[in-house]
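Once you scroll down, you'll see the structures, which are given as structure tokens.
There are two complexes below, and they share chain A, which is joined by chain B in the first and by chain C in the second.
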Partner chain A sequence: MKDVNKKTGLARAKDIYDHRNKRARELKAEGKKIVGYFCCFPPVEIMTALDFLPIRLLGDMDEPITVADGYLPTVMCIFYRSTFDLGMKGRFNFIDGFIGSHACDAAERTSYIWSNYIKTPCNFFLDLPHVDKGEAVNYFKVQLNYLKETLEGLAGKKLGIEPLKEAISLHNKQRKLVRELYYLRKPDPPLINGSEVLQVIISIMMIPVEEGNELLQEVIDEVKTRRDIPDKKIGRLLIWGSLIDNIKFTDLIESSGLNIIVEDTATGTRPFWHDIEETEDPLVGVARHYLQEVKCPRTFAETDTSYREDLENRYSYLKDFAKYWKINGVFGNIIRNCDIHGYEVPAVKDYLESLGLPVLIIEQDYSTASLEPLRTRFQAFSETIG
Partner chain B sequence: MFYAGLDIGSTITKVVIKNERKICTTVIKPTGAEHRRLANEIMEEALSKLNLSTANISYIVATGYGRINVPFADKQVTEITCHMRGINWLFPNVKTIIDIGGQDSKGIKVDNGKLVNFVMNDKCAAGTGRFLEVISDVLGVKLEDIGEISLQSTQPTNISSICTVFAEQETLLQLSKGTSVEDILAGIHKANASRIYSMVKKIKVEKDVAITGGGAKNIGLCRALEERIGFPVIVPPEPLITGALGAALIASEETKKIGEKELTEKQLNRRWEAVTFFDEKPTK
Partner chain C sequence: MKTENKKIKKKSGKTLQTAREAGYFAKKMLKNALQAQEEGRPIGWSMVTWWQGELIARAIGVELVFPENYGAFCAATGGAEKHLEISDSEGYPTTLCGYSRNSIGYAKLLSDNNFVPYEGAPGGGLAKPKFFLAAGVACDARYKWFQALKRYFTEAPVWTIDLPMPGTKEFFMKGNKELSLKYIVNHLKDYVAFLENLLGTKLDYDRLDENVDQAFKTLALAHEVDVLRRAVPSPMVGADFWSIMIPHLYLPDDPESYEFYEKVYAEVKQRVDNKIGAIPNEKYRLMFAELPPWHSLGFFGELAERFGMAIVIESWNYHAILPIPEEEFEGVTDPLEKVAMLTYYKWTEYNKVAVEYDVDPGFFMAAYFQFAKDYKTDGLLAHPLMSCRPATYTLLHTKNTLENKLKVPGVVIDGDIIDLRVFNEKEAFSKMEAFVETMDHYREERKKAGIAW
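Moving on, here comes the complex of A and B:
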């Protein structure tokens, strides 16, 4: 019988978002092993197939960075600085495995420092090429094999083809459900606001895939029939760039005359927009997906000859997003010192402005303490739109 | 019909009351630490200058950093849009506005009366009024005199520091070396102008250029900026009120968008009190 006090849908997502590590700790007490990973490139399918709970390691915009200063250089991505700071303070002391990745320089270097100073029982660094063709995919498949072997050691069993295929199917289902959720933002006003979507996305990165799928279906059903939808606002915003993982930020944006409609970020569409191809050797599909289909500028897509053709090749998906969701403004979110997105700014701004879209670029300090001054910028930006 | 614009800046609060044709009165007062108490006091002062009561004002727009603490405002608009509207009314050919405030500075681009781009510096004192305040303190000169004094210089000192605190150190060093106050001030104005120009360059400086805010009252700073920009700039007769003026203009526009019934309802329901969050006692 269903527990009447158990929260469902959006209320449950908020609960999980507010207590991010609660489910992992519960499952650990029941004997499950937990694996924490950096960014959206370590394949969660491999982790799920070996019966681990994969949890995405994130920072905390509410927590002042105090310990990391003794280990990391000052001029580096504040997000990984914060994540490492939390690790040093024991926030993730329940994880059995740590998978760092070469998502970017900050993630790479922090991965090694993590292994040295935060005593997770099992550490692995996943090397990920920065290019996406031919030999790079083969190289990446070899790295995935090393990852598989390390995780098999931690799990105490071999990874079977069937469990892996099953895991891929479940995670693909999750991707499909996320896309279904996003389609509910097409109307004007959208049926669900940016903060609510963020809570759902963060939640599914902290619980087993089956529970995540159940949550997504609950939310979709709830939102389709809800009456208290967001207000109509002047701005229909696309967020591009560094990730946002705190609703205080999305709340601020959405109280400044803007509705967040779609996020091209690592806590938005990027992990969910394409399904893994079910190949005969499942790892082939996995390797191809993460290297070629996760749209992050950290992966350098082969460019064509002219500047305009190059822009089109790299960013045309943004044109499709803007058209589909009827976007009228773009917020380029740059966490201070994020090289991956910082260096893209001139090109992506140029491309988006050529489509007639106004672009607001903000370099921010990944801290809720320094959010309020941004309010004027967002409000003024909404005043340029309408 | 009367319309009011209220610009609560970090340093100075400004009110403009206008009718259909012209500005009727303005009030300029220091904001102090308690702007949420003072907003209605400053409004009342403006109203009494015209022998009006609160019921005579059709619409009130609040702007500036303190705009969220005005319970009797009918709408809040950012100071970026308001400065743009104010200058656009006074000088329709202006395309670039440089607003130099007490604690921030902004660049604003206008095209056909619409806000098209903006850039802000509210993190660093260099490039704001605060920079000049600190230096004038150190030199023992009144803030309102430093502009004129700087123009007397024949050999501006080169101030190499970007940071206000280090520029203060450099100023002391120069004084001890016997450098004249006017030369130091000229160098300081150049440094401040340089910071402002670097910021505004990001949105492309196009003619005509206007300067607003307290910084515009400093002739030394205006000249230093003109030198960097390469052509003369426009300074409005009272540069402090352009934000409040823009707010008042938006107020008059808003009344045309809503019906008379809604307008009267708004006027009746206005809360003419200071914002209090809890049982506070005034600090004075």
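Moving on, here comes the complex of A and C:
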């Protein structure tokens, strides 16, 4: 019998977002093993294929950083300081495995330090080349194989090719559904606002892929037929840069005369924009995907002969985004001390401004307590678009 | 205990004559590049890639300069501020690496001046590059920075040399070392092809082999100097090291570097043999971690004078590689493979120590455990850097674990490599004064715990 009290669609996404570890804890109680991972690069397909629940380890903009002060210097990325702080406070004390990654300096060093202080039955550091050509893919595939072997140890079973292929298929389906959700933001006003999308994206990173796909389908069906669509605003905004994982931030932006339309971030398009190619050896496709198709400036793109060509090589996908979604302004979000995005600022501005797009760059402190002063900057930006 | 220098020079804190002469190498690199520009020879702006990229570039005839080293040079000579302001006005965040901000500002000026170094540029300035040699090892700035510089040198390509950086446990997984070396060698082959294509000339592998052998020889001698430094009292201090590191870090394949290290070795050995300390009345033996405040090096001289503190060993990553066992080279004839081994072994050389003490990472951290024992240290002076942040990410962790596992305490003095406003000398001295008591306390703790020094 259908549970009439069970939340569905956007309401369910909000519930999962608000209690983001709840489902993982429930499943843990039922005997499922949970694996927490850093950033977009540890392949969730391998975790899913071994019957683990992969969950993305995120920080908390509402939680003051206190314990981490004794371990990580204040000059480092505040997001990773926050994530580590939560780890030390026991927020993730239900995970059975920790997968760190060499996504950026902060992720890398925090991964090492995490494994010293926050003990789990299994941990692995996934090294990731900075270049994506030639032998790099093979090297990365070797590292993925070590990850697989480590997780097999935790699972107590070997991972066969077919279960991995099935998991790839399930996650590819999720990617397709996320893209479908994003396409619903093409109308003006969009059919779904930025905070709602963020709630959905965070949610699917915290629940089994099958449940995530079900949730996505519910949300898509609901949004397609909804009547209470977001208000039309002056700005149709592309967000580029460091991740956003708290709707207080997106609410603030969207209450300042801007509709968030697309997010090129680690909690936006980056993990979902390309499918994993089906290859005979599935790890080949997985390696290529994470190294070559997850668009993050942490992976070095070979430079071409001129600066303009270099920009085109690195950012042409942003032009495609802007064109498809009829973007008229870009917010470059930099979590303070994020070098990966910080070095990109003048170049990405050069590129986007050459397309006629105004760009607002803000370095912020990954704290909801310091958000409000940003409101006037977003309001002023929306006026420049108008 | 005898002392050679009754009064420490407050300006630099250097105590070795050879350290005072080492500035020759920094000037030589800048001068050679300017000369190469005049002669139409190719110039590369290079990161320290821990030798792999530099050895190959020089063997094919590229003159290299190091914007990192230039950053320190500008900071020490008061020329950095102007460059930093320009970087800020270009829109780069002020939180980025200070060296990179310095070179971004300089690059903008060079580009605006038709690629002729501006009048009064520190050291005559850096000559225009034909290409950039970036590095994937150590920190993100090492490739993001050069990628950013392309904005000012539109035709100069950027090549990023990568290096595997596995965790300690992962390093020891079966086959990982061999596969990593294979990756590096193939990656270096791609780099050689890039250089050959860019420069229209072929790499002379015999020359590379000679240069690699020379580099190993220089680095082995530089390591011998490190070994001499274990003596009590310490025959040289950190301020000496920061000068003498230039030849082995940047120019190990230059025979002049080897000749220089012969002189360094002789000078240090003479002190050791005669029990001459670098500072008068050495009372506390300190490790120093990360880069020093170049603009305030006199601070260390003051520490010696006021408290008898000697920096007896410092930041692992700038030191020569530990000797690689000869049997590891059995059957290795390809100079690219030797290069790969050199860099990979450097970055994994303390992984065994990391296992011994159950700490991670092996690089940036585990070396201090070995240093503490080998150099009989009383404490760690940790210097987190606002503008070289990734190098400081593991400092608190290192400090905590050294205290817990070896009863060697640490003190944190905030500072910077470029921006002198971050360094509060008065506050720093207060902290160091208090740290004396802490070190005394931990000496007793070590005794109680049966730790040897």
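Note that in this section the second predicted complex is superposed on the first by the 386 of 386 C-alpha atoms of A that agree within 3 Å, B and C clash if a C-alpha of one lies under 4 Å from a C-alpha of the other, contacts with A are read in each partner's own complex, and residues count from 1 in each chain.
The working rule: a contact is a pair of C-beta atoms (placed from the backbone, for glycine too) under 8 Å apart; a residue touches a chain by one contact, two chains touch by 3 or more.
As the structure is a prediction and not an experimental result, all values here were calculated from the model.
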*Could you look at A:373 and tell me whether it touches chain B, chain C, both or neither (first, second, both, neither)?*
first
*Would you sort A:383 into first (chain B), second (chain C), both or neither based on which partner it touches?*
first
_According to the stated criteria, A:64 is in contact with first (chain B), second (chain C), both, or neither; which is it?_
neither
*Please tell me which partner, chain B or chain C, touches more residues of chain A.*
C
_Need the overlap of the two footprints on chain A, from chain B and from chain C, as residue ranges._
none
*Can you check the complex and tell me which residues of chain A touch chain B?*
358, 373, 376-377, 379-380, 383-384
*Which chain B residues qualify as touching chain A in the complex?*
65, 77-81, 114-118, 120, 122-123
*What residues on chain C touch chain A, complex-wise?*
90-93, 95-97, 100, 134, 136, 139-141, 143-145, 147-148, 150-151, 154-155, 157-158, 160, 162, 164-167, 169-170, 173, 175-176, 179-180, 182-183, 186-187, 190, 359-361, 365, 384-386, 389-390, 392-397, 400-401
*Taking the complex as given, what residues does chain A use to touch chain C?*
70-73, 75-76, 100, 102, 104-106, 108-113, 115-116, 124-125, 127, 129-131, 133-136, 138-139, 142-143, 146, 149, 297-298, 300, 303-308, 310, 334, 336-337, 339-340, 342-347, 349-350, 361, 363
